[in-house]
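Encoded as structure tokens, the structure appears first; notes follow it.
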Amino acid sequence: MRLVREKSLLLIVDLQAGLLPVLDGGEQAVGEASWLGGVASALEVPVWLTEQYPAGLGGSEPRLREALEGALYWEKSRFDAHAEPDFAKALAQSGRHQVVLCGAEAHVCVLQTGLGLREAGYEVFWLAEATVSRRREEASLARRRIERAGAWAVSADMAAYEWLERCDDARFRDVHRRFLKPRSPRPLRFFD
Amino acid sequence: MRLVREKSLLLIVDLQAGLLPVLDGGEQAVGEASWLGGVASALEVPVWLTEQYPAGLGGSEPRLREALEGALYWEKSRFDAHAEPDFAKALAQSGRHQVVLCGAEAHVCVLQTGLGLREAGYEVFWLAEATVSRRREEASLARRRIERAGAWAVSADMAAYEWLERCDDARFRDVHRRFLKPRSPRPLRFFD
Amino acid sequence: MRLVREKSLLLIVDLQAGLLPVLDGGEQAVGEASWLGGVASALEVPVWLTEQYPAGLGGSEPRLREALEGALYWEKSRFDAHAEPDFAKALAQSGRHQVVLCGAEAHVCVLQTGLGLREAGYEVFWLAEATVSRRREEASLARRRIERAGAWAVSADMAAYEWLERCDDARFRDVHRRFLKPRSPRPLRFFD
Amino acid sequence: MRLVREKSLLLIVDLQAGLLPVLDGGEQAVGEASWLGGVASALEVPVWLTEQYPAGLGGSEPRLREALEGALYWEKSRFDAHAEPDFAKALAQSGRHQVVLCGAEAHVCVLQTGLGLREAGYEVFWLAEATVSRRREEASLARRRIERAGAWAVSADMAAYEWLERCDDARFRDVHRRFLKPRSPRPLRFFD
């Protein structure tokens, strides 16, 4: 029901250079996925990225690669990352059962990956401000569908504060100073 | 939860010439139903159409008939197509358990057909951009009701990519070239 | 899941003269409740009305009384009509298990009556264009809450076509001529 | 499903002076929480307030403190009030199983408290016009999430009328005169 730091993994789907220009909200998706990736790293939550057919669509967006130094990358040809046997095996071995999901296109690769994860029993948290499609309404439709399949729509702020739990320790003070405080006045769209 | 090519059937309800002029979104419904019908044919997914009282309301819209050459046609007098014994029997015999549903009017014949299909145990996928009524809000109400009855709202793009599953085979390359690529920049309304 | 003529009863809650001027959508609620009341009478579906504290709030709106000649009236002091023992007993004895519900205020008397009916095991159908409050958003909140309690939001058109089932009998032709045809071009708000 | 006077408790989360200026809807939240707090007191429903790190964020907003004389205050350092052992113990001992919840920020402390209450088996009623965040859309996301966890979104008016049940006793006349009547024409936003 709630995100727990030790059980979580952040999965960023196909935010590739070749796709970005046509996405409604692509810039924000890169920015917020990078931001939550930074929080995740500070809290030792693994960050994974997938890339669909990178020979044609380009690799992950450079700003994302730069912001997420310790991240793990997965190439795929199936739209559903979890349908790739290596990925599914590694995820099971990670011991992480809560997947925070974002990326593009919301209604194709992110949705199919989310449905695959749900079918395999994972808890799925759909990051509302960083999951985008060419048509905004199609991202809404995807969110609605994954919610119907048992996923939870969350914001990056929600995820960060659930991972942190309390405000009276050094962990909170560090993340608050470097991430939460600079972000709080930032205007965002949530693609509902 | 997800559409599977071998289990699917596309059912287009009552997109008839006599009804079209009064529908909000009727032109788009014809265009997108034709488009997904083309994808379905390329992937050997059966396409069926119903017609309500064609003597009075006219036959199916000519552009639809033209685009969907191998389709099967069903006349009906009940609003719920599945309440017609011949239709119900043929559908059971088709072995297809996932019905992608669209047409008009969303809140009368499409809704009643969808509820009939749900009661009979079929999985129902409601095509959001091609299911329309005179009043747009009444189509939204219908969509909400069928979702509450266990159906999934989808876009034609979602259906096509779920039927395709992956991007590295000849099937994808053919459908991408003929259908997906030409459609991607098309502006659409989703009647949520 | 679907309305069935022989199982239905139309319940119009507290559309009283003294409340009407302050309601957002009160005029439409009276018009559409009268319209569906007329269809109900033609199809032998009972029509009941409640009145809250009529000494202070006035009796049911005169146009409604005029349109619904054979209707049954119930005075009440509890906001939930079903909490009044006489009403609950009479409803149980009517043998009707599907209640189409509308009236005012959506978030007080209609909602509480709907929740009471749900708790007592009735199927509840919330008439979206004829269930209103002073504040439109509070009617939306009420609709959302009753849906969460298992009710279905419907339009009057949906109810009429489900009661009718098919278009090839004398019953349809009569109701179509007198009710459906004159209403079809009417602009409506749906309070979602 | 419905609020019952003898089972209810009103919990106002972190409406603190230091947070208010940045909240979208903070003024309304203070006003409506005070209003429902007044109704609660008149009906002997307990009113509790939490304060997050008051040394830094300030105590509860003065107008709230003034309006809610007999209220109980809880300091906390965890975002989820129910994760504080003293609070959880006192709530269990209160014998109240229905918690009407409001305050700020909707998507952090109110949401986490609501999820904690749901996990512990309480019925949660989310007060839509008095539960706010910096970004309005993030409050909507929080409401949607808590609803998915089994909570009910309500308005203060809904709560008051459910606690009152009927209009023909002295209790109703007192609350109507002092609270319901003055509020009825007030314009409100509902953060859906």
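By letter and in written order, the chains are A, B, C and D; residue numbering begins at 1 in each of them.
Throughout what follows, a contact is a pair of C-beta atoms (placed from the backbone, for glycine too) under 8 Å apart; a residue touches a chain by one contact, two chains touch by 3 or more.
No experiment lies behind these values; they were computed from the predicted model shown.
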item	value
Graph distance between subunit A and subunit C, where chains that touch are linked	2
Set of chains adjacent to subunit B and to subunit C	none
Subunit D against subunit A, contact positions shared by both copies (same if over half, else different)	different
Between subunit C and its twin subunit D, rotation from the CA superposition, multiple of 5 degrees	90
CA centroid of subunit A to CA centroid of subunit B, Å	32
Inter-centroid spacing, subunit D versus subunit B (mean Cα positions, whole Å)	45
Sites on subunit D at which at least two other chains make contact	none
Touch-based graph of the chains, sorted into line, ring, star, complete or other	ring
Interchain contacts, given as pairs of chains that touch	A-B, A-D, B-C, C-D
Parts of subunit A lying in touch with subunit B, wherever the complex brings them together	22, 52-53, 77-80, 83, 107-108, 111-112, 115, 118-119, 134-135, 137-138, 140-142, 144-145, 148-149
Subunit B-facing residues of subunit C, complex	1-2, 128, 147, 152-155, 157-158, 161-162, 164-168, 184-185, 187-190, 192
